[in-house]
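Next, two complexes with chain A in common: one pairs it with chain B, the other with chain C.
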Partner chain A sequence: MSSPSRWEVFWRTVIGRAYPRIIGMQRERSWVFFDTLLPLLQVSAFVFIYRAIQAPPEFTGFVVLGGAMTAYWLNVLWSMATQFYWEKETGNLELYIIAPTSLMAILLGMAIGGIVGTTVRAAAVIAIGLLIFHVEVSIVSLPQLLGVFLLTLVALYGLGMLFSSLFLRYGRQASHLSNLLQEPIFLVSGFYFPVRALGFVAALGASVIPVTLGLDAMRQLLFPTMMAQFRFLDVRIELGALVVLSVVFLWSAKRALGHMEDLARRDGRLTIRGQ
Partner chain B sequence: MSVMRRQRAGESIRSLRMAAWLGWQIESNWAAPFLFAIYSIAKPVAGALILVLMYTVIAPGGLQNRLFPQIFVGNAFYIYVAMVLMGVSQAVIEDREHYGMLKYIYVAPLNIYTYLLGRGAAQVAMATVAVFIMLLFGIIALGIPLSPASINWGILFAAWLFGLAGVAFGGIFLGGISLITARHNFYIGEATAGALYLLCGAVFPIDVLPRSLQLLSQALPLTYWLEALRRALLGGGASELLSGLSDGVLLLILAGSVVLLAVISVVFYRWAENWAREKGLIDMQSMY
Partner chain C sequence: MSTELAVKTEQLSRVYKTKKRETIALDRVDLEIPTGELFGLLGPNGAGKTTLIKILTTLLAPSGGRAWVAGIDVAQNPWEVRRHISMVSGGESSGYGLLTVEENLWMFTQFYGIDGKTAKTRIREMLEIVGLTDRAKTKIYHLSTGMRQKMNFVRGFLTNPQILFLDEPTLGLDVQTSHTLRAFIKDWVGKRLDKTVLLTTHYMHEAEELCNRVAIIHDGRILACDTPGNLKTRLQREVVFRLQVTAIANPERLFQDLRGVQRFSHAEVNGHTELNFILEDENALPPILTTIQQCHGELISLEKRAPTLEDVFISLVGRGFGEGDVSAGATEGEPQ
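Let's look at the complex of A and B:
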């Protein structure tokens, strides 16, 4: 019997790691409920703030879209960045490292499983948000919108893959780091307001987080009239920047994983629990 | 009899003190003090800055809008709700599942209620620092009209105390739910804090809510708590709906509703505890 090729092993690993994430969601449906409810509560609070100050109705749309994208950011933080740390604590990381497969494949599987699961939640937030708050959108270009959305996810989960190696080095601080990267990122990436409000330079700095550019571009493509006065960069520039971020993050993630594997073999610290 | 009572009181105080110390160590010993200080401040300040940006972008008059100080104060004090509610309720799940200590806590000579309140006390201390820094930031950087001379300290202290008691008993109620559930513990605190953030008008006047949610809002102690705090600090509340209530009536409603919540929480926790003992849930390890 011939042994499977490297690519075959790679893709089997991807499917194998994505499977429990997708199936797990089916087995614990209450999580879908909570994962939809929590962003919706936040979205509703921000919508009522805008209503209290008589903001134009498009701002409700900004908030609903931002609220849906929080699901991806939280998924990247809690199910990608901190994942290897949890795996270390439960004893799975050493199995990953000695398994005859690539850690990139394991991370990719986690990312794909996470994207599928999170898309269900994000879609629910958007659908319910649009329905409850009667948001009207006028799509400028569907292909561009889909392109921006997909590139944002690639860059975002690339960042998550990079974080998963970096966070592993922080041990117990990993969960606190994830906690810390919530509200400040909601602020600098403009989840609930157009990022241009931060000023051009600050928005440029925040563009290292892919959601910043993704949200701005998607808002331009969904609410063109209102975004004419609030846009940060041209959509085509943002698309290009997202491509660059995707490549840089994926490449960096591969390098960081290699370094982490090297450490694991050299001094064995990465399999010690409770650090 | 009085010796026993004194012993119990001593036990309760000891439980409270040790739990507060334990809670503080769990929350803070993972990082150097400087990093921990940044961590404790960055989150609430970032949350407040989101509101600042929202007002700057669109509100008539920007930060000079008459609602802004009300919203800023509501958001600052809401830090207590999020931290204490989650802190107390998650103490149960952390001790049971993460540290595996809940069963030892139950066999030790301590008072479980004061133990849980003690775990919340560490959160209160951290929240107090965060609220203080937020208010200071608001006064210095955002021009929130707050000065010691204009504050009604009596109402502020009474409202603060009642509100904290309400949040702590809310935490005990959620702790009871955590005791008898397996996989939803981390969501329970967050979902409750999220729902209350929306319903009690922390960041907008409850007048803008739909009528059904307004009624729900008026049934919550936290709505009156935030309104009383705003009146004490800023000289006026945010809501037209509550403007007919005098300060005294507002505090009376707050006190009454907190007492009611305390009774419900303790009764419910006791029931949940008995249920957990019957079903062997005190030392459950669900691996979540």
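Let's look at the complex of A and C:
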């Protein structure tokens, strides 16, 4: 039997690693409560604040959309970036490393599995949010909206792959990074308000996190009237920036994974557990 | 390097450095394992067995020297090495609990690019061999330790590797499961001349039962490497006794200076003290019995037996094999 090509190994790895995430979600239904209803409570808090101060109704839409995108950010931080730490603890990482496949393929599989699972959760948050709070949207361009959404995910999960290279070497020590990034990014990326409110320079700095640009562009494409006065950048510029971020993060992730794997092999950290 | 050698190392070393100290885990190891051999690496915990396996499976970089697997340099071309190898470790907890046995196995085959049909056929056949067919659809968090290790075994063999590394594969398993897995390993290598297995173990009988050749490793150094039979004939001139006595204190102090005692080790077994002696000849026995009497010990049993690999280890290292086994040679390091 001929040995499979590198490409065949790559895409089979992607499917193989995506499988447990997708199947796992079906077999453990607790996510319905923890990942849908609990985030809605936070969204509700912001909605009631906006209503109390008599903000325009579009702000409710901003919050619901931000609440849905929160699920992706958390998924990237805790199920992509930190995943190699957990894989090391269970012994799976050793088996990934000694397999003739690439860690990028493993991570892509995790990302696809994570995106499928998180999209179901995010969609549930949006659907319930729209239903409860009677949010009205006016889609400017569906292709652009889908494009922004998909590019945001590509760039975001590319960033997650880049972070995971740190966990490959530093293990649990790197979890401080995830803790450090979680709440501040909720603030600076404008999950619950238009990012322009932070000022142009701060918004520009926060744009290194893809969800900042993605959220702003999606809000412009869903709530055009209100966002005319709050928009950060033109949607086309944000689309272009997301393309650049996607390429940069994916390329950097590939380089960093190779480098960190090499360093970890030299340090002996690839297989040391509990560090 | 000749590709007829499945594994070769030259002066292979590994030093672990921390802020406070340096530990030499492997010390200039030279090893040649021809294709088709079931090779055993025998040593106590911390001897360097796992470090060697990690280097050969590309998980760890050597600090010095070189190593080749399937003729490929492990440090220079790890990706190429990985196409030829697989590994199973004892006490492994790999896989995902929410997936079934066959789903986990299928997932791992995908990392090797094996097509779905071939993977499913192999999984079915291998589960049958290890007696796990009825558990194929069981989620792995429901499996016992032994069953899980059987699944790990299947995972290691599924990809039909050219060279298989088994790192203490029967660690902590019950007698029956260990026996099944050993029979499986023997059968697998026996029927395939192009396959090589490097097995690390600290179970003497496992090495003796399975391996064509055995290397004894201690403190990162290979002390001897030969067939189990040849290793044991090194002790042919000496006589080996096992004595069971009622508990006695400080046996190392009592016996280490006795004339004719080449090596001895001791262990506490069921409330008794078991003493293993390698003696120059039988004339060395009476002083031992006298010493036991003098310290109010009571002889329970005395057995003269053929040398085992454990005796070989004791003669080379100067102490017993078991973890925490404190025993002494007649003199430090060298026979009297």
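Heads up, the rule we're going with is that the second predicted complex is superposed on the first by the 265 of 275 C-alpha atoms of A that agree within 3 Å, B and C clash if a C-alpha of one lies under 4 Å from a C-alpha of the other, contacts with A are read in each partner's own complex, and residues count from 1 in each chain.
Rule of thumb we're sticking to: a residue touches a chain if its C-beta (ideal position, glycine included) is under 8 Å from a C-beta of that chain, and two chains touch if they have at least 3 such contacts.
Please read all numbers here as calculations on a predicted model, not as lab measurements.
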Inset, instruction - With the two complexes overlaid on their shared chain, look at chain A and say whether chain B and chain C clash or fit. - result: fit
Inset, instruction - Quick one: classify A:P100 as touching chain B (first), chain C (second), both or neither. - result: second
Inset, instruction - Using the superposition on chain A described above, determine whether A:E28 touches chain B (first), chain C (second), both, or neither. - result: both
Legend entry - Computed vertex angle (chain A) for partners chain B and chain C, CA, steps of 10°: 90
Inset, instruction - Once the structures are superposed on A, label A:R265 by its partner contacts, choosing first (chain B), second (chain C), both or neither. - result: second
Inset, instruction - Applying the touch criterion given at the start, work out whether A:R51 contacts chain B, chain C, both or neither, answering first, second, both or neither. - result: first
Inset, instruction - Have a look at where A:E8 lands relative to chain B and chain C in the superposition and call it first, second, both or neither. - result: second
Legend entry - First (chain B), second (chain C), both or neither touched by A:A123: neither
Inset, instruction - In the overlay, answer first, second, both or neither for which of chain B and chain C A:L41 touches. - result: first
Inset, instruction - Using the touch definition from the top, say if A:Q182 reaches chain B (first), chain C (second), both or neither. - result: first
Legend entry - Least C-alpha distance (whole Å) that remains between chain C and chain B when both complexes are overlaid: 8
Legend entry - chain B and chain C contact sites that coincide on chain A, given as residue numbers: 28
Legend entry - Residue numbers on chain A that touch chain C, as the complex places them: 1, 3-5, 8-9, 12-13, 15-17, 19-20, 23-24, 27-28, 90-92, 94-101, 106, 262, 265-266, 268, 270-271
Legend entry - Residue ranges of chain A in contact with chain B within the complex: 28, 30-31, 34, 37-38, 41-42, 44-46, 48-56, 59, 172-173, 176, 179-180, 182-184, 186-187, 190-194, 197-198, 230
Inset, instruction - Could you please specify the touching residues of chain C with respect to chain A in the complex? - result: 14, 16, 54, 57-61, 78-79, 82-83, 85-87, 89, 92-96, 98-99, 103, 106-115, 118, 139, 155
Inset, instruction - Using the touch rule from the top, collect the residues of chain B that touch chain A in their complex. - result: 30-31, 39, 42-44, 46-47, 49-51, 53-60, 65, 67, 71, 183-184, 187, 190-191, 194-195, 197-198, 202-205, 208-209
